[in-house]
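Read from first to last, the chains carry the letters A, B, C, D, E and F; within each, the first residue is number 1.
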Amino acid sequence: MTIYIVNPNSTQAVTDGIDRSVDPMRPFSPVPIEARTLAEGPPGIETQAHVDGVVGPLLSHCAALEDTASAFVVACYSDPGLAALREQSARPVLGIAEASILTAMTMGQRFGIVSILSRSIPRHMRYVGAMGVMDRLAADMPLELGVLELADRDRTFERLRTVGTRLRDEAMADVLILGCAGMTAYCADLEDHLGLPVVEPCRAAAAMAIGRVALEKTN
Amino acid sequence: MTIYIVNPNSTQAVTDGIDRSVDPMRPFSPVPIEARTLAEGPPGIETQAHVDGVVGPLLSHCAALEDTASAFVVACYSDPGLAALREQSARPVLGIAEASILTAMTMGQRFGIVSILSRSIPRHMRYVGAMGVMDRLAADMPLELGVLELADRDRTFERLRTVGTRLRDEAMADVLILGCAGMTAYCADLEDHLGLPVVEPCRAAAAMAIGRVALEKTN
Amino acid sequence: MTIYIVNPNSTQAVTDGIDRSVDPMRPFSPVPIEARTLAEGPPGIETQAHVDGVVGPLLSHCAALEDTASAFVVACYSDPGLAALREQSARPVLGIAEASILTAMTMGQRFGIVSILSRSIPRHMRYVGAMGVMDRLAADMPLELGVLELADRDRTFERLRTVGTRLRDEAMADVLILGCAGMTAYCADLEDHLGLPVVEPCRAAAAMAIGRVALEKTN
Amino acid sequence: MTIYIVNPNSTQAVTDGIDRSVDPMRPFSPVPIEARTLAEGPPGIETQAHVDGVVGPLLSHCAALEDTASAFVVACYSDPGLAALREQSARPVLGIAEASILTAMTMGQRFGIVSILSRSIPRHMRYVGAMGVMDRLAADMPLELGVLELADRDRTFERLRTVGTRLRDEAMADVLILGCAGMTAYCADLEDHLGLPVVEPCRAAAAMAIGRVALEKTN
Amino acid sequence: MTIYIVNPNSTQAVTDGIDRSVDPMRPFSPVPIEARTLAEGPPGIETQAHVDGVVGPLLSHCAALEDTASAFVVACYSDPGLAALREQSARPVLGIAEASILTAMTMGQRFGIVSILSRSIPRHMRYVGAMGVMDRLAADMPLELGVLELADRDRTFERLRTVGTRLRDEAMADVLILGCAGMTAYCADLEDHLGLPVVEPCRAAAAMAIGRVALEKTN
Amino acid sequence: MTIYIVNPNSTQAVTDGIDRSVDPMRPFSPVPIEARTLAEGPPGIETQAHVDGVVGPLLSHCAALEDTASAFVVACYSDPGLAALREQSARPVLGIAEASILTAMTMGQRFGIVSILSRSIPRHMRYVGAMGVMDRLAADMPLELGVLELADRDRTFERLRTVGTRLRDEAMADVLILGCAGMTAYCADLEDHLGLPVVEPCRAAAAMAIGRVALEKTN
């Protein structure tokens, strides 16, 4: 039995980054954790059409894994297919956006979200509204960097510091969430720089999945 | 130029019902109104997987109509693909759930939704939350009748009266919304029986689309 | 039958501006649209006492028009008398504040309101609260220009750009509403400058009224 | 200097009832408390048009009292003219709906409102929304008794018990508010019967006014 | 290193019940799970004074365990001392109320809480409000059984069925939470009877703690 | 009989400041107002552990005063023990945070809170959430001055002006609350400087207590 973390885009490098990100958690998991790539996905999930479009392939992908799955994690910050996969699967199903928000709610009273691009924010706002936790949101602010541009470490970290500082000082956030699976590498440094907890969403969801594997055994 | 009302399920009878429902509005529309069937859709949209699954075909269907479209209406109470179609199209795009809720908000202070089945309700709740209008919702209650069962007029109207009465007297709704495209035929009778305005969602969305066609001309 | 847009202040120039604003919509309306001035109103509606004070004359004015009315639009951003007129009239009744907010909710996820003066904002906030849509509000910010001062085009547009930019970049609005009937002339330019949809409230309400005229025919 | 409690309807018997209701508080007030009738008001305030219509006369009435006023209380559960009177007067201005809700919020976590007629409820809901306290509302339920019918003590108290029990046991209210100035006589008995605190709104507003007279002296 | 679940009341039988409840999770936890009794606590935590009164002893108790703690769980449905313990400890700190609510939010869209006594409900409501998740609450309803009375299995399960059915059918809950550490034994049967997921809060918090132990290793 | 204002920290100078702050209200109170120091409290209440830790001694302190109490006011901006004291006492019980917020809600539509230190803000946010009034909050911003540092008048007033200006102009507050018992001396000057009402919380709570003493006499 395995916790499957499914990256719904087709970029293996993103899956590899997720894999590295959760690697330190493996010794603490009762079951293996496997990061997988959805071959049918687009290279990056940047539009609502991408979000909706990966649901069908994602459901098929996960159906084939159902018998060996301890839990599923959908690893895109739009949580594509989360509700549908919960209807399909008998296993615990977590999404990195939802899990990171629920985790942040135990670490601070107002969470700030750092988004890649401003066009993601309306999508996030619909989701925070659907979750019913808008009163806990400080703000969601963009780096205005595309996924590929995140590779430029100096520029990316400078933007993260700027946006993180605004979230802390203007929007009064006391915990931050990295609103994309691709910012893992900056998490610890940003936390140090800002003096606030910073939630990396893939790890937060993997942690919750580990707990849910244990919880399932009580029923 | 045409207002396209797209039924995202493949059942022509549903499309025909929508067509009849909006027919009295045609003389008042500046452009033709055409009800269309999404051939690639499932016979009925009953699960979240159905909702997400029709988005791709719906986007293609509408892309082919873009040049002749005055506006698009997505005619399923889960508003599948609404956000994606808004990103894709330069035309006004409306969904029957959103439009019926916005319309009900001008007719009463607390709206009640009559759903077909209780399993639709969590999906509706996520949507009402995403719209940020939860404080205006009285309640969402199910008939517990499948789409095909709606054809039994006596039973259906009895359930509508029972559920409508609970929404009015227990949940204190002062306006009701029919939470499915297939209850058009009962709208006027239910309104008479309960003494409350009852919003038929396809008509509400078509009305809003007619207005938006006019609004577009001012920009 | 006619859609009556009633300007509840007594300044004919404002009524003329509304008339010009909705003129391009007339070919798309199934009935004439007539902008009217409430002779008994104050020159401008700037205080809560003005808002409450015009309700009586407005109700009388509209009662006399009831038999020839297809719909009524109250054309002041405080929506004076909206609830009372809905109780009095059997016709669809819309207000430009409510209609512009409901319209903005279909164009973006967080709306920003541009107000003339900061003293209008508490009134708007009570209204947004009464509508139950506070979670969709980004912010409401003032130009700090009186109605007469709006005539100075250069200064007005400069303020609109400044306030619009703050709403977009600080308050994270993705759609703006002009919170006064007197800013019509700047709508398209502001939209171009900011790259966001900008809702002109008289037009939004007229559009909704056009749709509601059609909707009435189905009952 | 005097605390003026203005009954905005023209029925002297209602004013007399208010006078008796607050009479036990007079020895504890630093200034006289005077209940007054707005001669220009309708016999009872039952519609939104009544609410809006009394604002003008109420403002005039209070303007003439300004120099001798310690504070004003508007004594109708729709709080007509409250915002306008606050703009006009330099004195503390309280309304019985707002004051009773704020008081109830210190006595329980979820307040229930007992309304005379169901048609008042949408008006109350708009107000609770404008106050931003919808999450504290358990429910608002009607007696379905007109003001004159309240004089039938047995029937009225039976309805109060029925509605109060529903508010407590179905809507989970832990404090009740009498949503009309005419139910004072039943307050203590209802409290005994239900085992919950019951807020009489004229007294709650008078109490708050007494405190505000003292508070004014600190500035 | 150990996950400490601290029962803040002094009744060892409650601690033993918690211990049995989480026992099936132990093979899936990377560290031991130890249920402990706060000797200084009252026999049961039934009032706000009890809640506040155990915080001091709980903080001391946990301070002494800090060096050997992987995580702390506060095992009382009022989450006494949760915020204070988070300020004191460098370890993950979870409360069974918060954790059960966050877990229920991944299993359904509207959670219902089954409380022991109605007097607990205002306390819960303050807490749900502080968490900012009131829109996700269906209702909180009481069994009206004291802790000792829970031992009468037949009566208790009958009440659970009655209250659970009301939460499902009247309040439209789609997931339930047992609002007390002492109802573990009924969890599975209630789930079967109602056809809804039922969250046992000690297990939910233990599960989340297991995940957080893993998450800590990534920083 | 006496209104007891209990300062739950042990610093007599703070109690003396409260005493001076409410002194002008004494001629308007029907009973004496006595400011008292909780000897068992810490010198200042700066952490959640302080808040929770004073509840026990505060309850004992007030129990001993019950027979001579007209009302109790808890005079710390975290309202420690408010819910517990309400359960214990038969007298009206008010807290300065709750009372100042309820008072501000009658003076403006969006209140801003000026906090001493940023670490108090999450505590305040939990409280505003528990009160269910988050939609009325503009923002809560810190001076970043410790209690002792407040004695430096020039620096403190400069910070108050800066933070107050941000609350007014950036967060769009139209009424401010001093979020600490130790800023009384600056209240009037800040009000003059900003042109907004500023609520001093000890006075607001004393005012409400005076009213409640009168209200009690009606039951």
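The working rule: a residue touches a chain if its C-beta (ideal position, glycine included) is under 8 Å from a C-beta of that chain, and two chains touch if they have at least 3 such contacts.
Everything quoted here is computed from the prediction, not taken from an experiment.
Novice: What chains do chain B and chain E have as common neighbours?
Specialist: In this structure, the chains that contact chain E and also chain B are A, D.
Novice: Give me the set of chains touching chain A intersected with the set touching chain C.
Specialist: B, F
Novice: If every step must land on a chain the current one touches, say how few steps get you from chain C to chain F.
Specialist: 1
Novice: Just to confirm, which listed pair, A-C, A-E or D-F, duplicates the contacts seen in B-E for more than half of them?
Specialist: It is A-C that repeats the B-E interface.
Novice: Which pair, B-C or A-B, has more C-beta contacts?
Specialist: B-C
Novice: Using C-alpha centres only, name the chain that sits farthest from chain E.
Specialist: C
Novice: Report the inter-centroid distance (CA atoms only) between chain D and chain E in whole Å.
Specialist: Chain centroid spacing, chain D to chain E, equals 41 Å.
Novice: For chain B and chain F, let me know how many angstrom lie between their CA-based centres, rounded off.
Specialist: From the centre of chain B to the centre of chain F is 50 Å.
Novice: Provide the C-alpha centroid distance between chain C and chain D, rounded to the nearest whole angstrom.
Specialist: 32
Novice: Residues of chain A that touch two or more other chains: which are they?
Specialist: Residues 122, 126, 129, 131-132, 134-135, 170.
Novice: Spell out all pairs of chains that touch, sorted by label.
Specialist: Pairs satisfying the touch definition: A-B, A-C, A-E, A-F, B-C, B-D, B-E, C-D, C-F, D-E, D-F, E-F.
Novice: Touching chain C in the complex: which residues of chain B?
Specialist: Going through chain B, the ones touching chain C are 21-22, 24-25, 27-30, 92, 94, 98-99, 102-103, 105-106, 131-136, 187-188, 191, 200, 203-204, 206-215, 217-219.
Novice: Spell out the residues on chain D that touch chain E in their complex, using ranges where they run on.
Specialist: Within the complex, chain D touches chain E at residues 108-110, 135, 170, 172, 174.
Novice: Which of the residues in chain B come into contact with chain E in the complex?
Specialist: Against chain E, chain B makes touches at 121-122, 125-126, 129, 134, 139-141, 170.
Novice: For a test of understanding, state which residues of chain F touch chain E in their complex under the given definition.
Specialist: Against chain E, chain F makes touches at 47-49, 51-53, 55-56, 59, 80-81, 83-84, 86-88, 122-123, 126-127, 129-132, 134.
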